[in-house]
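A, B, C and D are the chain letters, set down in written order, and residue numbers restart from 1 in every chain.
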Amino acid sequence: MTGWTLDQMAARTAADIADGAFVNLGIGLPERVADHVPAGREFILHSENGILGMGPRPAAEDEDMELINAGKKPVTLVAGGAFFHHADSFAMIRGGHIDVCILGAFEVSCDGDLANWSTGTGGVPAVGGAMDLAAGARAVRVLTAHTTKAGAPKLLERLTLPATGRGVVDRVYTDLAVLEPAGDHFRVIELAPGISLEEVAARTSAPVSLP
Amino acid sequence: MTGWTLDQMAARTAADIADGAFVNLGIGLPERVADHVPAGREFILHSENGILGMGPRPAAEDEDMELINAGKKPVTLVAGGAFFHHADSFAMIRGGHIDVCILGAFEVSCDGDLANWSTGTGGVPAVGGAMDLAAGARAVRVLTAHTTKAGAPKLLERLTLPATGRGVVDRVYTDLAVLEPAGDHFRVIELAPGISLEEVAARTSAPVSLP
Amino acid sequence: MIDKIARSAADALHGIADGSTVLIGGFGEAGNPTELVHALIDQGARDLVVVNNNAGNGEIGLARLLQAGRVRKLICSFPRSSHGHVFDDLYRAGKIELELVPQGTLAERIRAGGAGIPAFYTPTAAGTDLAVGKETRTFAGREHVLETAIRGDVALIKAEAADRWGNLVYRKAARNFGAVMATAADTTIAQVRRVVPLGELDPEAIVTPSIFVAHVVAVPNPVSERDSLLALDKGLAA
Amino acid sequence: MIDKIARSAADALHGIADGSTVLIGGFGEAGNPTELVHALIDQGARDLVVVNNNAGNGEIGLARLLQAGRVRKLICSFPRSSHGHVFDDLYRAGKIELELVPQGTLAERIRAGGAGIPAFYTPTAAGTDLAVGKETRTFAGREHVLETAIRGDVALIKAEAADRWGNLVYRKAARNFGAVMATAADTTIAQVRRVVPLGELDPEAIVTPSIFVAHVVAVPNPVSERDSLLALDKGLAA
């Protein structure tokens, strides 16, 4: 069983985003969606720290620590980009102006709950903008491996970890499938080539079904 | 009995405003305070419609209907001035950033209530920014004739007109005196030259006393 | 390719439904999207709720929309003006509903609408007739009033310049309500004097980022309200 | 004559009391007023409540202030970082109190503090552990959390340029929390790379108008946090 590669997962996620969409990409794998914008489309990338129209990483010699993304890595600004302060930036998020955010996840439940901020096991807790995005983006989508590295399901009937938001996730992109939380089960929208529904079901801790 | 002229009243009001103060001047007589800034002081004038650093009226040929004051009359911008939108402008007001506002009044009560938005007699009601200034400015001061044109007292024990704000006025400048609402009476801080406490008392519908 | 520049005001305003809430920018003449309001009259939507600081001046723009009988209710702070006869007559005749809101509360309710804040507490109007019937609560010993967000189905605003993404800059005190309203409507339509190439607006000086704007209509030479009022005065005097 | 340019950071910070709430701007390295924080260490105030998005990095700026034992409580959204050992150690040892706030709620609470809004409702964090014990209320069928304003006795921020009135412009993404915090403190102190003559800043592009700023400290060549972290890494590796 192979399924989609990371780049294929990112491309599949990008394929569902409309031309002209305002998109916020979480740190890590979601950032890769920016490399797979379908031909003929423009996405405008939002960064929580006050950037709209964020561009790719600069060459090393052009790095500017006052032009960084939410992960605090140097980025660039594309033509048409704008800067603003944090209250305005989160007014965009909370106010429903971000069309799509693509987040990573520890767990997603079949009623759309998301856990991606706390592993609940002590240590220093940190939330950042995750809850604001979960509550405010018009579409909250998750891009993640279908299971943990240890093979445990990340798609569950109920969260075991502290929630980031309740009933917020509308689509999940994994290496095995594209799925939608449908209340008491995950609806499988698309299977990765060579992956069967049974294989997805075996790695999901909630009922799954084709639409 | 003469008391202060309008310009003397404005000058007396201006004399109590510190160097560097951020000042909002109501429409009408309060605007005249800007002509009497004491030598060696700078006031920075705020206008509700998004101007800090408002300057005097321009020459007729320089009038610009996109550079107007809260009374919708053409003004200018001084060096150091800035423009901002209405929510930011009233954040300044509500947030207690305006040091002093000088307002006109229909009535002021000795417990500091202010009435200056509604004559309560039908017609089209209109409030504008009066209530925001009354609630938000650090010091709310009133500049007004001591009585109405008909000779009726404007300084009262209790308002008869709808309130703009409750307990907000800290000083009143009239043609006869400078007074402070002191709860159950007005404290007379200063009498205009040639005006007696008895003359003020006769024209005030609340007790008055020297400090 | 993202291109929000509309071919015409009519194109941009297509589909506005009867009963819509329309936020209209401007304070006095500054920032008044007069041409868009005229296009709204042509478009035909009725039974509108309009949010504007004022209630129209003379017989152009908002005053003309009121005169055409299209507005069921007006939410504003200051519906009186030297040339306010259209609103005055409708109001006295009981033909229009008025919700009077302190100016700063109006601006903040719209800002809240754009920022996903359904309600907030403000000290403004506490203890006055404009707080009657509203929920109040004491913070730090002071009474505050609970105010709710205002959102529009449509916002009509005027800015100085735009690019094809819909980034906007304003001019002087014309920024006023437009920059706030732009954030608080499902569809924001901006008329601008100039359309400039993408990348020409200074990213540090953009007031309304592209995310808030749906359509841009170029109106290089908007009507002067002041000239229109002077003409009206002459006509009345004649 | 109004002149807010301080002779030194020490002058500007004079009088900050023990127990003060100090808002510190910056997100990552951008907008971090490192020199002002170092001056606060020298100034000596103790038992501080600090509001910052993060919890310091390496051993400069906020991390150094924490290391010096001056901070009783930190209000922030993301206290984890690759070089966060100072905060980590204090937190694990129970030597610092942490109030964890979602980043947008943190920004909005500070904005509310500056705008005279004592409290507001937000959908963020509803139904999560970060809303436990907070008042909630349903608007339009959705649960919202009541959040209260944050104000500081002092705000320490970094901007790009200032004039003698205290008008500020920022650079790129360094605007972040500083521009919001500037509005929400009794005394806002800004360090800037450049002081320019009054009138030189574009009135359309001023981000923080003079009304919000008490003191300006010129720091033409602020320390680079990144360089400092690289040096720390080399030191640790050595």
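Note that contacts are C-beta pairs under 8 Å (C-beta built on N, C-alpha and C of every residue); 3 or more make two chains touch, one makes a residue touch a chain.
Model, not experiment: these values are computed from the prediction.
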Target chain B, source chain A, minimum contact steps: 2
Chain pair with more C-beta contacts, A-D versus A-C: A-D
Mind checking the centre-to-centre distance between chain B and chain D? Centres are C-alpha means, answer in whole Å. 36
Chain-centre distance (mean CA atoms) for chain B and chain C, in whole Å, is 28
Could you say which residues in chain D touch two or more other chains, in rising order? 108, 111, 115-117, 122-123, 170-172, 204, 207
Which chain A residues sit where two or more other chains touch them? 77, 83-84, 90-91, 93-94, 135-136
What's the contact topology between the chains, one of line, ring, star, complete, other? other
Please list, in label order, each pair of chains that touches. A-C, A-D, B-C, B-D, C-D
Provide the residue numbers of chain A that touch chain D in the complex, in ascending order. 47-51, 64-68, 72, 77, 83-87, 89-91, 93-94, 118, 124-132, 135-136, 162-166
Of all residues in chain D, which touch chain A in the complex? 27-31, 53, 55, 77-81, 84, 87-88, 91-92, 98, 100-105, 107-108, 110-111, 122-130, 170-180, 207, 224-226
Give every residue of chain A touching chain C within the complex, in rising order. 19-20, 22, 42, 44, 46, 52-53, 77, 79-84, 90-98, 135-136
Listed in rising order, chain D residues that touch chain B in their complex are 1-2, 111, 113-117, 163-165, 167, 183-184, 198-199, 201, 203-204, 206, 209-212
In the complex with chain C, residue positions of chain D that touch it: 108, 112, 115-123, 137, 139-140, 144, 148, 169-172, 202, 204-205, 207
